[in-house]
Amino acid sequence: MTAIANISPITAAIWVVLLPLLAFLIQAILGKRAKSGNIALIAIILSTLLSGVFVFAEIWKGIPRSVTYPWFTIGISTFTVGVLLNNLTVLMQLLVCIIALPVHIYSRAYMKGDPGIHRYWMYLSLFCFAMLGLSISKNLFMMYIFWELVGFASYLLIGFWFTKESAVQANKKAFIVNRIGDLGFLIGIAILFSVYGTLDLVELFGKEGRFLQTLVDQPGLITAAGLCFFLGAMAKSAQFPLHVWLPDAMEGPTAVSSLIHAATMVAAGVFLLSAVFPLFNAQVLLVIALIGVITAASAAFFALTQTDIKKILAFSTISQLGFMMVAIGIGAWDAAMFHLVTHAFFKCLLFLGAGAVIHEMAHLKDSHNLQIDPQNIQQMGGLKAYMPKTFILMAIASLSLAGFPLTSGFLSKDAILISTYEWAIHHGGGYLLIPIVMTIVSILTAFYIGRLIFKVFFGKFRTAVPQVSIHEAGNSMLLPMAFLAICSLFFIFSWNPISYHHAGVFQGFHVAYSFHEIHSLHIIIPIGLSLAACIAWFIGWKWYVKQQYPLQADSTLMRFSYNQGYINTFYQLTVVEGSLRLAKAAYWFDKTIIDGLVNGLGRFTRMLSQVSAWIDTYLVDGLINSLAGAAYYLGHLLRWVQNGRLQNYLGFAFTVLLIGIIYLIFT
Amino acid sequence: MISITHFLVVSAIIFSIGLYAIIAKRNAIMILVGIELIINAAILNFVAFGRYDKLNYGGQVFALFAIVLAAAAVAVGLAIILAVYRKYKTINPDNITDLQD
Amino acid sequence: MNEAVPYISNYIDSIIQAVPYFKTEIILAIGFLCSIFGSLFLDKIWKNSSFAISIISYALAAYCNYQQYDALGTAFFNMLHIDRFGLHAKFMLLLALIVSSILIQQHFQHSTSNKRKGDIYTILLGSSIGMSILCMTSHWLMAFIGIEMVSISSYILVGYFAETKKQTEAAMKYALFGSACAAIMLYGLSLIYGFTGVLDFADQKHMQGLIDAPKVMSGIALLFVLTGIGFKLSFVPFHLWSPDVYEGAPTPVAAFLSTAPKIAAIILFSRLIQAWGNTLFYFSEILLIFIVLVAIVSMLAGNLIALRQQNVKRMMAYSSIGHTGFLLMAALGYMAGHQEALLFYLAIYTFMNLAAFAFIDLLEKQQGNSNLSSYSGLGKQLPILFTLFSFVGISLVGIPPSAGFVGKLFVFSAIFERYQEMGDMAYIWLLIIGALTSVISLFYYFKIPLYAFLKSKTNESVGQPIGWTPSYIVAILLSILLLLFGLFPSLLMQLF
Amino acid sequence: MGLLSLLIFLPLLALAGILLIPSRYQQSYKYVALVITLVQLGLSGYLYTQFNPNLAGINQLSGYQFVEVLPWIRLDLGAIGKLEIDYFLGVDGFSLPLLLLSAFVMLMAVGASWNISKSRKGYFALLMLLNTAVMGIFCALDFFLFYVFYEVMLLPLYFLIGIWGGERREYAAIKFFLYTLFGSVFMLLIIVGLYFSVLNPHTGAHTFNMLYMMNPDNYIDGSFFGYINNSFDVFGIPARMIGFIVLFIAFAIKIPIVPLHTWLPDAHVEAPTPVSIILAGILLKIGGYGIIRICIAIFPDAAAEANWWLALIGVISILYGAFNALAQTDLKRLIAYSSVSHMGFVLLGISALTAESLSGAMFQMLSHGFLSAALFFLVGVLYDRVHDRYIYNFRGIAGIMPKYTAYVAIAFFASLGLPGFSAFIGEAFVIIGTFNAESVGTGIPRWMAIFGSLGILLSAAYFLWTLQRMFFGETRLKGGETWAVAMNDLTVREQLILFPALALALLLGIMPSLAFEPMNNAVLGLLKLVENYL
């Protein structure tokens, strides 16, 4: 027992990563025999325990530890793999475990009876492996590997129902868009490697790190590196304009969406930026902040009119990720991480709740043979009566999302907003636009999540069925949700429900802000926001529950919002069509021009052979005309040579001889 | 005094006649005749030049050999033309064109 | 007359002394006589008597030739040069003659012609004397005699068994074209004799005379002389006869025509350009330009026109025109002192052409014609034959591991060395065209395996199987030699 | 007889055996071939374990192992000098991994030939001949010997494509042959030139020894390819540059680069599956190997000068190949074009001339060897069953052939550079190394790395699109029920062939040092050679 108790955090952290991998391998080998998911579940439970007890408890607020192993050597540079445990990484690892665990439990019930369930568990374990590995990578190259693997697992899970056309479209889109980000990441790695010669995070950014020690003569290159990493983060964290894959990714099973596309994977971008934060200079940070705010605003705007419950949540996720990006952009990456953690819980919960609802709706659809989309909120309504527990849990999550006091979302969102105001005031001028927009976004957030809750749970059930056979989900689904609901409340993070400064997560990081704290903001903003949220809900209540909808449902703005700003259409028309056209053009070019050239060369050679045969046959032609006055004889010759007439042969030979003589005379 | 130039001019004329016969005559025998003419032009040259080669008499010797060889060649040529005539019933080379490209 | 008397005994002495250098030819001459005797009388008793006599003569001649290596020198007042170069060439000649004789014997074995078959060997023997003289001489008279002996014999070979229209036509074209070219050459020689007064082209005075002569006149003389040699070598523009004659002639005769006379002619030509080309005067320059030009045009024309041929014999004719261009390149290498490259290539060329024609003959006998399309799908029926035939094709293209490749490599090397020495772009052009045309040549040589293996059979008629006849065995042996010398060229090369 | 000779000539033994066994026992040919290729694989594996990665020096004999030298052709050519051609074999870090790859791919090819029914004797005999030639190419250290093997390789391929190929096989076969021969005859001229420029320092004879050609000290001053006092130029280009260009073109045709690639799609489409496997798995690598071993090592100065253009061609090949792949509707053609794209990385990596990129390029060759072989095999599996490869004729294959789909998906993802598989390491290090080139000073601008990396993106696009179109969605086949019946899942034999290939790709992806370690010193040695001229 002591041996187990003395297990070093490094070993434990490695096991945390390896357990899901083992589970993946075992399930892969077992194939269809591993339907229950027990293996995956056991692996994640063990991982969570290890991560919590032996890693997080040891390292959090303690001394960072790391270990490095050589992997391979190219030329004179050795590439390493390693585990880095510091506050950031252990927090991330634990978070992934803690979110993944309830999702696993939830999935047991949610995915029950699916014919491909063995694949599901396999993929889920693979995802956990990749995500956990990502969180504790010491080396950027290694991180990149896990980064892509995460994307791959996500691809598999989005396309889990591979017979569904939209699902396979979506997973392709997700992977390719993520690939764009990966390229950024890769180029970023290439830049760092070519400037500093190492990819080790500690060697780069540690206290003695080369980043601080080396004088770089090309500051532009470092800016480029920063932008490249941000590009990577943009794709993974679905930042405008690369956010398009995330709403589509909702084609995957809802449990997957909750784990991957709400809580963990999409947050990896934020995590990456936090890990390489020292790299960013002021310009890059400003870009990050701007992209963040654009994302937050546009996604919130799109969320307003969506009718698919999961899409609303997806846009909400994008919007919240935008918040985190802004936090990073202003330098408050601790706030970003804090929001990442709190968001993970409540967003996961929202998805699981939505999943429960969809589950019931799908049952309803199947049992009545309805032609409805089980995810369409227009078809729902009044579910409060049938699924009260789900309603309560989702309400908590929604409050947290809206940043209502006493929830965790309140703390983290305030942290970001207040810091942003402080930052903007510090810089003054146009910078103020950013926090103002974010304030509006916060209010919109409250509004659209309110709309979701009202439409789903209030009013009357809107699908015409003889008997509404919807009921509460089972315990194996409710319990994980309840757990997440508890985690969405303030006390998990801070005993002080008002001030984020006391939050434990917050205290784990020591970030030096470039701006001063403004105390008055800490009071005004929370109160103002809460009030605004209440007003937004009131309006929402009137519009959606009391059916006093004042707007033209078909206005341009609405349509613009519903169609997600036509960004997808735009991409389809430009990028996709463009590259396909380019591809076709390239192929046409290849087939007709290049190959044609070769074949043409062949034809040319054949022609040449004909020509030379022709020369052979009629050579005397042009030459002779110009030669002497023997027009008759020569004209005769050129018609007759080499078609078997002996004298033409002789004539030809002697004519060439004559040409030779003439050549001699003239030289 | 007949100089070397005279010989050369005569031989050149014979040569040209021979060449003409080879190329222009529509009769295989005439071609043979043309060939003979050229050979004779050459022989004339040899003999003429041989006058200056008192040591070896190379020209004369060459002329003799050339005459012999020309005769042999003409004999063979005539035999072949005869064979052609048997098959083709003509000795106009323009009509004997089974072999062609 | 009287002043000559003291010299006569000297003359007779030196003639008698020269006889040992002439042993090979004397044996061939005796063989020639015996063969006449044989075909007149013995053939009635034993059908193959004159064939046997000719083979024995060749073998004896080869033996004498071998012994000659120990007694090099000049004979008959410098009219004959007995040097290693010539002796090597004579060996090749004899080999080509033996193989051709065997092929001819096989070809006419079952012919129903009432002509005496024995005569053909007699004629071959006669031509062999001429060729053998060509290999040794640098004297115009000897050269002319040699050329005429070969030519006249060849006319007879092509025409003697002429049974179809095409064969007589080929014979006529060959005879008339050849005689015309020989006549022109003779005229050229007479001019050269006039300018120089010396008939030995290796003589210093000869060169001096040419240089002193009016430029145009010596140029004309040069061109006229090249006409005769060009006819024998069949390079452009004197190549026109060869496709027709090869097609029309019996296949073994074509095999003979494409090898033996070419060996002799290229040896003479090499000696000639070595004598004429290595001076600093304009004359050498003109000669060089002509040779390079002719080589390039021959390679291009031969290979390009061959692309369109459907008759294998015709194709081989154009191919050998192309190879002549390559041989001219090799001769240029000889001029620079690389005789082994020329000899090696010549030997390999002989092997390749003999083997190819042997295969063509075998197939012609089986299929009744030599059209490429008649080979369709035969690869399955005659796998060994077509594998070897394809290999010969590969060798003709010059792809390893065949000897053709090594030969090409040596010739390229010789030319390259020459280029490095002289820095003349003409050599680079030669190299480029040489390389390019071997790519082109691949295309038509590979029609053989293409038809045999890749195409399916068109007609169902199965010809009689090809037994292990001597000509088949000879062809196989030659193919194996091509592989052997491709892998171990030193076996052959060290002989030179 | 050394191990390398054994490796090279074992297939000839098999060839003799196959020719001698009468056709009555034609079932036995494949077993003969299988046993021999297995022995070869074992042998090359043994070589790998015995290889000492610490020996260095690309232009010294000490850098090579398992060396065998036998005088082969020795001639005194008078004016040309003494001719020295050796039977000279040896492997270093560049050739050893490729040798192992070849042995493996050959085994795969034999496995894929199991159901060949048309004249088995000829087929397996030619396959074995090809085997010999390929092994010889990677072992030869004498340029003459190399050239012999290089050309010999063409002949069996011509017949393999021409006899056992698809509809337009004659066209494809001759096209392939002419393309390659076109490159190689001019290579012959350069070989001749090199021969006259290089002396064996020990014997003073001209030599074809490649190692001597790599050492500037052995060049004669003022010779055609000499370093010093070289005033030769051809068409205005300095002699050494023209030598480099000609050799490059010869090998670039094999790689193949745009625009010399058009033989590849045709050859692949028409070739029978095993030949496609060999083409993609081995032959394309000969191009890369030749550029490394011959172009760059013998002409380091010209390479240093021309590498910008080479890299540009590499980038163009990557993008052009990828775009073409995107446009294909024939699965085999798609994979053929993807080969063009992937081999573009090889060229880019080689021409960037940094340790990372060069190693990456070598690694990419290995990886592509395994993966493309697997991909072509997979196409063959489908084609065997329904004789169709048109992408739009299939839909939702996953539903009826789950195992097959899984293998395809793995192979696709491995090829598009998923971490954990070998292609990722190769491509990533080509990009990283190329990016680094500007810092090292090899003259390759960074934008080339960035454009090259777009190829990774595009490869994801065409592979995933194909997956989506052919394998996912509702099952819908052009041939309807008959196809559905014909399309049974992978057999054990097929899995036995596929699994090791993909497993090796995975193994290399996880433990790249397996390949990097033996080649490291060779890479550094080559770079040292070039360094002086940068």
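Letters A, B, C and D mark the chains in the order given here, with residues in each chain numbered from 1 onward.
Just so it is clear, a contact is a pair of C-beta atoms (placed from the backbone, for glycine too) under 8 Å apart; a residue touches a chain by one contact, two chains touch by 3 or more.
Each chain and its UniProt protein: A = NADH-quinone oxidoreductase subunit L; B = NADH-quinone oxidoreductase subunit K; C = NADH-quinone oxidoreductase subunit N; D = NADH-quinone oxidoreductase subunit M.
Because the structure is a prediction, the values reported are computed rather than measured.
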- Task: Would you identify the chain whose C-alpha centroid lies closest to the centroid of all protein C-alpha atoms displayed?
- Result: D
- Task: With contacts defined as at the top, give the pair, C-D or A-D, that has more of them.
- Result: A-D
- Message: So the centre of each chain is just the mean of its C-alpha atoms; given that, what is the distance between chain C and chain D in Å?
- Response: 43
- With chain centres taken as the means of their Cα atoms, state the distance from chain A to chain D in Å. 36
- Take the average of all CA coordinates in chain B, do the same for chain C, and state the distance between these two points in whole angstrom. 25
- If you average the Cα atoms of chain A and of chain B to get two centres, how far apart are those centres in Å? 95
- Task: Find every residue in chain B that makes contact with two or more other chains and list them.
- Result: 22, 31, 93, 96-101
- Touching two or more other chains, which residues of chain D qualify? none
- Residue numbers of chain A (touch at least two other chains): 613, 616, 642, 644, 646, 650, 654
- Each pair of chains that touches, named by its two labels: A-B, A-C, A-D, B-C, C-D
- Contact residues on chain D for chain C in the complex? 72-75, 77-80, 119, 122, 144, 147-148, 151-152, 154-155, 158-159, 162-163, 169-170, 173-174, 177-178, 181-182, 185-186, 188-189, 191-193, 195-196, 223-224, 232, 234
- Message: Touching residues of chain B toward chain A in the complex: what are they?
- Response: 19, 22-24, 31, 93-94, 96-101
- Contacts from chain C onto chain D in the complex sit at residues 336-338, 340-341, 380, 383, 394, 397-401, 405, 408-409, 412-414, 416-417, 419-420, 423, 428, 431-432, 435-436, 438-439, 442-443, 446, 449-450, 453-455, 488-490, 493-494
- Touching residues (chain side chain A, partner chain C) in the complex: 605-606, 608-610, 612-613, 615-616, 642, 644, 646, 649-650, 652-657, 660-661, 664-665
- Task: Flag every residue of chain A that touches chain B in the complex, lowest number first.
- Result: 613, 616-617, 633, 640, 642-647, 650-651, 654
